[in-house]
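Next come two complexes, and both contain subunit A; in the first it sits with subunit B, in the second with subunit C.
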Partner chain A sequence: MTSPYETIPLYPLANPRSIAFFGASNRYTAMGTNQLNSILALGFEGAIYPIHPSESTVLGMQAYQDVQALPEVPDLAVLVMPTRLVAETLAACGRKGIRHAIVVSGGFKEVGGDGVQMEADLVAVARRHGMRFIGPNCLGVVNPHHRFNVTFANFEGRPGFIGMASQSGSLLTQMFRYLEQFQIGFSTGISVGNEADVDLVDCLEYLAACPHTRVITLYIETIRRGRRFIDTARRIAARKPIVAFYAGGSEAGRRAAFSHTGAMAGPDRLYDGVFAQSGIVRADSLTELFDFAWVLGQCAIPQGNRVIVQTHSGGPGAAAADACSRNGLSLPPFAPETLAKLRPLIPHTGSMNNPVDLTFSRDPMEYFRSIPEVLLQEPGADSMLLYCFTPRKNVMRIMQAEGLSEEEALQLAAQMAEEHSRKLADLVRQCGKPLLGFSYQNAEELIIRKILESGIPILPSPERAARALWALVHYGRIQAKLGA
Partner chain B sequence: MKKLIESAVEKGAKALSEYDAKQLLSSYGIPVTRETLVQNIEEALAAARAIGYPVVLKACAAELMHKSESGAVAVGIRDDAHLREAYERVAAATDIALQGVLVQEMVEGQRELVVGLNRDPQFGPCVMVGLGGILTEVLKDVAFRVAPFDTAEALEMLDELRCRDMLDAFRGQAPADKAALCEALVAVGRIGLEHTAVAEIDINPIIIDPRGRIKSVDALVVLNGSRH
Partner chain C sequence: MTSPYETIPLYPLANPRSIAFFGASNRYTAMGTNQLNSILALGFEGAIYPIHPSESTVLGMQAYQDVQALPEVPDLAVLVMPTRLVAETLAACGRKGIRHAIVVSGGFKEVGGDGVQMEADLVAVARRHGMRFIGPNCLGVVNPHHRFNVTFANFEGRPGFIGMASQSGSLLTQMFRYLEQFQIGFSTGISVGNEADVDLVDCLEYLAACPHTRVITLYIETIRRGRRFIDTARRIAARKPIVAFYAGGSEAGRRAAFSHTGAMAGPDRLYDGVFAQSGIVRADSLTELFDFAWVLGQCAIPQGNRVIVQTHSGGPGAAAADACSRNGLSLPPFAPETLAKLRPLIPHTGSMNNPVDLTFSRDPMEYFRSIPEVLLQEPGADSMLLYCFTPRKNVMRIMQAEGLSEEEALQLAAQMAEEHSRKLADLVRQCGKPLLGFSYQNAEELIIRKILESGIPILPSPERAARALWALVHYGRIQAKLGA
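Then we have the complex of A and B:
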């Protein structure tokens, strides 16, 4: 039975069962060869048919002289070939009955001149044969859930929940490793290229329906179907968050204005309005784009803007509190019942105000479990930021002082990290409020890695954690406005 | 209104006169100053008495896009004598053939907003609201939306402004009539959607009076002759 998701026009472009590949050879430096290697490296499970005019095998697979010779009609054609050959090759694919293509080749509209007409020809060919295609001038698609990666970069990462449509292709590939360090990954990434046919709006529709995608990210340089983009995004954003980064825009091509309004209608301010109207969370940087996607994909949406900060170090705690207030988040005082439960857990040198500052963490069991458990129940707060820093060497020294061998100490530390992170994650899930960690340590530290693996984000600074929390609060408001 | 715009475009005008611009806004329910277009001093005196002093005089012509810079405006006119003197000056301030002289009520209020429309190649008509007056382009405190949108969206635009607190009770003055402001924003968007010959609109300022009422005090409607 086919689900509605599988009937979406883009579905075969991201989930092909079989591929005709144009432009790969046995020359390892060629772009096409690299891209076919990427497909093989991720272990694509469908049939691959390299088309090559002279070679009988390509990368060890049987090659075909032309598309008509293929034993079946593949779901998808991938074209990585000289510009002048693209239109006739696409037409041959159409005659064979192929209905989907990824055109990687460049040299079209983006270079101007003859390229503009060649791109129009490409669209005409596709229309004539009822084909949908991504590109030209793109890097293709990555869908790790389907073991499908056409980009030239090997996919080093995990199947994840971040959907992306990008007007920069290589950006997509550079994020493979970057996301992996946070134990997260792409559900599907689409490099849209010139958007001669498939555009951002089509990608939004697809990613909205994709069950692996929990959050949609957009890298935008320009929006082509303006009104349609707004209406589509607004419809989707009520149930699936969309985050966008807008990389400025050329002022050129806009007519000279007589009015103040015209003079101030720079694309940046206009896009602020467009995103607000579309229910899209706007990221101010590429870093934020993925930070926001991370927390929106993993955390509950808070009911309001009240946050508790827990720390055992003054500086990071104060920095987090400060960043929160600059982002319109408030740090409420605690209810009497919270204070009563907190008192036995906080050393006399510590502070039971918000931020809660232990000054010294006596026991990781208390720090990662008992105290968050109390704080997450505070009725006057909607979310929590938890500073994470574990001086591993000290912990080891204490355990060894108590008579454990180094190996035993390591094993015990691993056990504790596993246990604490799992319990913390259970706690967070049960209370229905978001908890974000922040730390200057990273996944190399065992406890940090375990917490990340349990599905709790740990942002690399107090400021990024506060901004990410703002994104959660902001999305909550978007949902309320759109009537989710 | 379509006729008004069409005939201006046919004459090759780049813009509507302030009087015609206000007629257009008013026909969409946007509050504008009480004003009368007059051809001589007798009509001006009658109009000023009907409106009530103090009044403002403005030379009025489609070609006059920046009136205050050419001395074609006189404000704070208190009485008949003052009006006679100012009328001569305003009527002679420019060589441009005038549609007439505008006699306009003088609106009191310290809070000024700008509301506008422009056309974006990808999004079509876009509506702007922001801090008005002489600091508009210095502070650039503005918010945009793409037409059409509803009043809930318009309210969000107001909330995005850094000067938003000015719209609440402010220095002994009443909160601004936000509902009227929101309706004006939605209406400006409708003008953009319904009149393709309108390229840009500036309502600058819309003054919020001490009782919170809003009124368009000056308006510019730029026409889009070549793309009509």
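Then we have the complex of A and C:
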């Protein structure tokens, strides 16, 4: 049975069973060869038909002189070829019966001059044959759940929950490893290019229906169908969060966007209004775009803006409190029952105010379990930030000094990290409140890696954690307003 | 001959030749043991005298029952012991003739009550014996150039150029690996604690004189000697940049700071005024504090605010342009001679506006050399941002497809990275303008690592790069105003 998701026009573009590929050769530095290689490298399981005028094989696969010669009608054509050949090639695909295409080639509307007419020709060809296409001037689609990556760079990551539609293709293709360091990844990413046919609105529809996508991200230089965009986003945002970064807000950003995709960007405040109406969470930077997606995809939505900060280090704790305050989050005092439960757990040099500061944490068991357990039950708070730092070398040295071999010490450390992170994740799940970690350490540290793997985000600074928590609170308000 | 630097009161605190250590034992989980271990782990070359009431050896070293029994008068005493024993121990050190101490112990003014009087007693003891001391409630000093690290965590980094005085000790001790990922490190870091004696002003004086320190960073929750602080900072800032992060600007930050060090923080705007008068570059986050220090320590100071952005990826380029614009930096158009030189280097799908966007860069030689060479000569620009991304796996695959073994390909990649980064660094040195890279990749990528090693900072996002460049421009204005 076909699910509604599979009937969406974009479905075959992101989940093709078979592909005709134009523009790959055996010259390895060519863009097309690179992109076909990306498909092969991820282990695409469908049929691939390279089309090449003279080569009989391309990258070890049988090549065909033209699309008419193919033994079947593929779901999708990918075109990476000189600008002037694109329209006629697309027409040939149409005649063969192909109904979906990705046009990677640039040199169209974004360069002006003849390019404008050539793009109009492309659209006319597609209309004539009832085709839908992404591009031109794009990098295509990555869908790791389908082992499909047509973008320039090899996929280096994992199938994840972040859907993306991007007016910058290279941004998409260059974030694979970046996301992987946080143990997250894309569900499906679409580089929309000039949006001559498929545009952001179509992508929103697709990503809203996509079962792998928990949160939708947008990189925007311009919005082409304003009214439709707002209505569509608003409908989706009630049940699936949408986060957007807009690059054209300043004069220089606007000029850069125009060079890039020929987009006529509007003033910053206009976009503030559009995002507010659309129920979209606006990110102020690319970094925030992915931070917000991360926490929105992994955390419960808090009931309000009251947060508890737990630290064993005054500086990061104060910085987190300061950043929370600047983002409209409040740090409430604790109820008497919370204070009573905390008292035996906090040394006298520490602080039972909010931030809770242990100063020196003797026992990771208390730091990652007993204390968060108390704090997550505080009735006057909706969320929690937890500072994470482990002096790995010191811990190893202590264990070795107590008679363990290096191997035993490593094993014990691994076992403890595993246990603490699992219990912490259990606690968080049970209480239904979001908990975000923050740290200047990264997944190279065992305990950080284990906590990340357990599904708790650890942001790389107190300020980013506070902003990410703001995004959760803000989305909670959007949902309430849209009546989810 | 003694240099003026060596006569500064703080010199023996950061460069002791010999240490009396109170509070270490053979119990490895104790704080004092940990800190003595930190000293040993960095390979301190002077004499260490553990003082312990009952053990005859501590961590394999001969221990002494009391300070009077020591065979010499050490330069420095380090005290990690219960609060109530600190004053009398300090007095015993004074009687022995020790003139410098680090008091790690907490439980003084920061906890209120009896603690206030105990801190006053401590100061009285020090005055009586002509002693200078850091603390109480601090983590001490790290000076990797002297192989001296008394802080809680093992030093995991390299001797560097960032001086730091911090009202958060753990912040200092927890940034070792963080800085190392950017191939930078501390010159000397001082955790000032409650500043009962040595305070931020003393640290400024010391770090200004320290030849290893190229830039001074401050983590501030309060400033105790306002007038003196401003005068001192202003004098130093004309020739050595000072960057500060203030954590007490918001209500929650203020309360957190009070819990932490008993500091009475002031409103945000007051501190804006103090930093402006002092010639200090203000960082809005801890991340910025170190970003700013990094670029101020490694880059030329630009003559003005005009920047060129070079990218092969539209999204990061537009985001960088937008962030520059939001930070008061301008992206000028190019002079005719620059355009003439650029033309043969940019493909027709690319853009010769600013940002310069190659779209697809065929040749790293052009990307990292020919094009920056042209752009750094543009007479209408003062600085440059360069987007860095390498599709490592693709490059490797191309080289292997062209017949190289994996080993040969790796070797060729290493050789190319080495050469490109060296030439790029030469170019930058010669032109006297700052060039900052930005990337979502990190030092795991060979070319990123090599460029970092060559002394060119690569910031982890376009927004951080734009802010860091702003800091350089801002410091240039400060210098001009202070008449360096």
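Some observations on this one:
Following the convention adopted for this analysis, the second predicted complex is superposed on the first by the 466 of 484 C-alpha atoms of A that agree within 3 Å, B and C clash if a C-alpha of one lies under 4 Å from a C-alpha of the other, contacts with A are read in each partner's own complex, and residues count from 1 in each chain.
Here is the rule we go by: a residue touches a chain if its C-beta (ideal position, glycine included) is under 8 Å from a C-beta of that chain, and two chains touch if they have at least 3 such contacts.
Please read these numbers as outputs of a predicted model, since none were measured by experiment.
When both complexes are overlaid on chain A, the residue A:T222 reaches subunit B alone and has no touch with subunit C. By the document's definition of touching, of the two partners only subunit B reaches A:R269; subunit C does not.
Once the two complexes are laid over each other on the shared chain, residue contacts for A:L339 go to neither subunit B nor subunit C.
In the superposition on chain A, A:A300 contacts neither subunit B nor subunit C.
When the two complexes are overlaid on their common chain A, residue A:Q277 makes contact with subunit B while staying clear of subunit C. Shared-chain residue A:C431: touches no atom of subunit B or subunit C. Put subunit B and subunit C next to each other and count what each touches on subunit A; the higher total goes to C. Touched by subunit B in one complex and by subunit C in the other are residues 253, 255, 257, 259-261 of subunit A.
Residues 222-227, 230, 253-255, 257-265, 269-270, 272-274, 276-277, 481 of subunit A are the ones that touch subunit B when the two sit in their complex.
For subunit C in complex with subunit A, the touching residues are 28-29, 31, 34, 37-38, 41, 106-107, 110-111, 137, 152-154, 156, 166-171, 174-175, 177-178, 181, 219, 221, 245, 247-253, 255-257, 259-261, 284-287, 309, 312-326, 330-331, 348-349, 351, 353-355, 357, 359-360, 362, 389, 391, 393-394, 397-398, 401-402, 440-441, 460-464. Every residue of subunit B that touches subunit A in the complex is listed here, in rising order: 14-15, 65, 114, 116-118, 120-124, 126, 128, 130, 136-137, 140, 142-146, 149, 152-153, 156-157, 160, 199-202, 204, 220, 222.
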